[in-house]
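In what comes next, chain A is part of two complexes: it sits with chain B in the first one and with chain C in the second one.
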Partner chain A sequence: MRYLLLVVFATVLLTASAQKQITKTGTIEIFSETPLFTIEGTNKKVASILNTENGEVVASTLVRSFKFHEALVEEHFNENYMESHAFPKSIFKGRIIDFSSLDLSKDGTYDIMIEGKLTIHGETNYVKEKGTITFADGIISASTEFPVSLKAYKIRVEKAYTKAIQDEILLKIHFNYKPYSKK
Partner chain B sequence: MIKKYILRLFLILLVIPFSHVSLYSQDDLLGILDDEVEEEIDYTAYTFKSSRIINMHSIEQMKTGELDFRINHRFGTVNSGAYEMFGLDNALINLCFDYGVTDWFMVGLRRGTYQKTYDGSLKFRIFRQSKGLKVMPVTLSYYVDMSVNTLKITDPSIEDIFSNRLAYTHQLLIARKFNERLSLQLIPSFVHRNLVPDDEENDIYAIGIGGRYKFARRLAITFEYAYASNTAGDNKYYNPFSIGLDIETGGHVFQVFFTNAQAMVEKAVIAETTGNWLEGNFRFGFNMSRVFTLSKKSH
Partner chain C sequence: MKKSIKIFLVIIVVGLVTGLSTVYYVFNMPHRNIEKESPSFTMDASALYGDFSKDEVLANDKYADKVVEVKGEIAELTVENYQVSIVLNDEMEGVNCALDSLTVVKNKEMIKLLKIGDAIILKGKCDGFDMIMGVVLTQCFIVK
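Coming up: the complex of A and B.
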């Protein structure tokens, strides 16, 4: 009887972990273009977990993991705008709306809506954005692309640079998930 | 007996439903992420705004493929009065090219008005201040400079051979960024000049200290001082002291300051500074730096 109980517990734990999908190498690309200045940065160290049981998603990354071609742009990004020493992490906590209506066993790409709380530069805003999710041979990947307003996250651009740096910065986010198993 | 089975059945029934209910909240998911993501070495960046504190090198250097072009000026002494526009009529200039071969190795070439000097320098970063996975309290770099005085020799008693024109500076740069505002650096230095006047020493040891206090987003106060051994007697030379302001704009760092050193090459700053602050014998100067990215590397 005791063994039976153990088996039941083990099954519970195993299913619980198989229901989670994880990545530590998700990407976020940021992009801004004005006639004066183009900003392109890439972060390849974004961590995320998708709970396939209820569609809950969290993502987190270190701001200083954003890399730019020009070291000076990277310096200004960290020092003057994102203030990565004071606000080292950016975090998303949310869910995929109506995730239960998706059939994970059928391969294909589906349009989804994502909503949740996005924290950047110490400021948290509610976001609701379109995205896509792809199931292929049991592998789940997800993408979304949306602009964020610097003002909304209290990232201050000095007047002298407002022509070079627009308020809306485009984020392109992509995650290739793997099933999560506890270390 | 039956009671015992009922109890067990009850326990099983209690457990089964959980396999269909989320056991995790979003915060738990974030907790899993924190556990899963390996801690990294968090290198301290941006200890100084520029590769120079004022006259002396800071631990900052160009990244791979970056070229720093500098136009540095030191004007005449402020106590030269209104006739000389307080020194602005006379300027010594120094053109510098510093190139980052790798993130930890920089080469520099310069030409300065003072003694019509050409000099070449190398800067190596040995280790970096860091926290996280590896804790290191300071950044350590090694800087070496070789300079050539190309003045025409008018004194017939001096043999005009090339080696007589050479001088060398070796410096350890030890810096710590205490916080976002305050960074300090120690600079143990050794200067060797192959040929010096009778009353001077060939070898000079010095200890420099420099720092910055960043008081606004793009502004910092800077200072530096060096105590040199064996400076000649009769108040011929003074220890270099400078105080200034770093102003950062888009692609430039603009450094303005007052200093008693007339030259910019290290051997002269340390061993041949003639200005006495107490007599108003200091000068206005500026370093203007523009960084060009020559080869774009993806990190």
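Coming up: the complex of A and C.
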């Protein structure tokens, strides 16, 4: 009996671990364009875990991992706008709506809705955005693209720059997941 | 032309040239050269992780944005074209190093031979501590 319990317990543990998908090399691209100034930044150190049992998603990254073409923009991004010394990370915690209606065994790209709490610059807002998820040979990848308002996250832009930097910054996010297997 | 007008014109031209070149320089200010910068800290990956897990705020003040040279054992290796990530000591509770594309190009053959368990020394910019990735270093260069 004790042996049986052990086997059951081990199987549960194994299947539980197989239901998590992870990545540590996700990407976020940020983009803002005005007639005066174009800002483009890329972060290739974005981590995410997707629970394929209930569609729960967490994603997190460090603000300092964003790279910009101009060193000056990178410096201002960290020091004046994101204040990365005080708020070093950005985190999303939420879920894919109606994840259970998706058939993981059928290859293809599906439209999804993602909702949850997004924390940037120490401010947390509820977000609900469109995205896509792709199943191909058992590999899951997901993408989403949406604007965030600087005001909503209390990111202050000096008056002199309000014409050069949009309030809405476009985020393009992409994850290629791998099954999470931790011994 | 009067002498005073000439002097005035020269001053304006000189002023414009210095002004514009300053603006040009500031906008094209070079990026930090992590490869040439000597590390602020040289330590074992486990010690760096230990400092962050003990007191994240304190460790951020100490290490963030600094160049850190870490020594550790490869626990996870991700190679996607020119994007290479090496996690030292432990997949979740370790130091996650994203290699700079320059070092990837330069050490292409060496990277192919890397395997889990190998000892390695890397140097990179410390970005902080993440709940999934552990301590994150970016723009890392292979030291040894």
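As a working rule, the second predicted complex is superposed on the first by the 182 of 183 C-alpha atoms of A that agree within 3 Å, B and C clash if a C-alpha of one lies under 4 Å from a C-alpha of the other, contacts with A are read in each partner's own complex, and residues count from 1 in each chain.
Going forward, contacts are C-beta pairs under 8 Å (C-beta built on N, C-alpha and C of every residue); 3 or more make two chains touch, one makes a residue touch a chain.
What you are looking at is a predicted structure, and each value in this text was computed from that prediction instead of being measured.
Model built by superposing both complexes on chain A: chain B and chain C clash. In the superposed model, A:143 makes contact with neither chain B nor chain C. Taking chain B and chain C in turn and counting the residues of chain A each one touches, the greater count comes from B. Of the two partner chains placed around the shared chain by superposition, chain B and chain C are both touched by A:24.
Applying the stated contact rule after C-alpha superposition, one finds that A:60 touches each of chain B and chain C.
In the superposition on chain A, A:134 makes contact with neither chain B nor chain C. In the superposition on chain A, A:47 makes contact with both chain B and chain C. When the two complexes are overlaid on their common chain A, residue A:119 makes contact with neither chain B nor chain C. Of the two partner chains placed by superposition, chain B and chain C are both touched by A:72.
It is stretch 92-100 of chain C, out of 2-10, 74-82, 92-100 or 110-118, that runs into chain B when the two complexes are superposed. Touching of chain A by both chain B and chain C, each in its own complex, is seen for residues 22, 24, 47-49, 58, 60, 62, 64, 67, 70-72, 78, 85, 91. Put simply, chain C touches chain A in their complex at residues 26-32, 60, 64-65, 78, 80, 83, 85, 87, 91-92, 96, 98, 125, 127-133, 136, 138. Against chain C, in their complex, chain A makes its touches with residues 22, 24-25, 44-45, 47-49, 58, 60-65, 67, 70-72, 74, 78, 84-85, 88-89, 91, 182.
Of all the residues in chain A, the ones that touch chain B in their complex are 1, 4-5, 8-9, 11-12, 15-16, 20, 22, 24, 42, 47-49, 51, 53-54, 56, 58, 60, 62, 64, 67, 69-72, 75, 78-80, 85-86, 91, 93-94, 158, 161, 164, 180, 183. Partner chain A is touched in their complex by these residues of chain B: 8, 11-12, 15-16, 18-19, 22-24, 26-27, 29-30, 32-37, 40, 42, 45-46, 62-63, 66, 180, 217-218, 250-251, 291, 293, 296-299.
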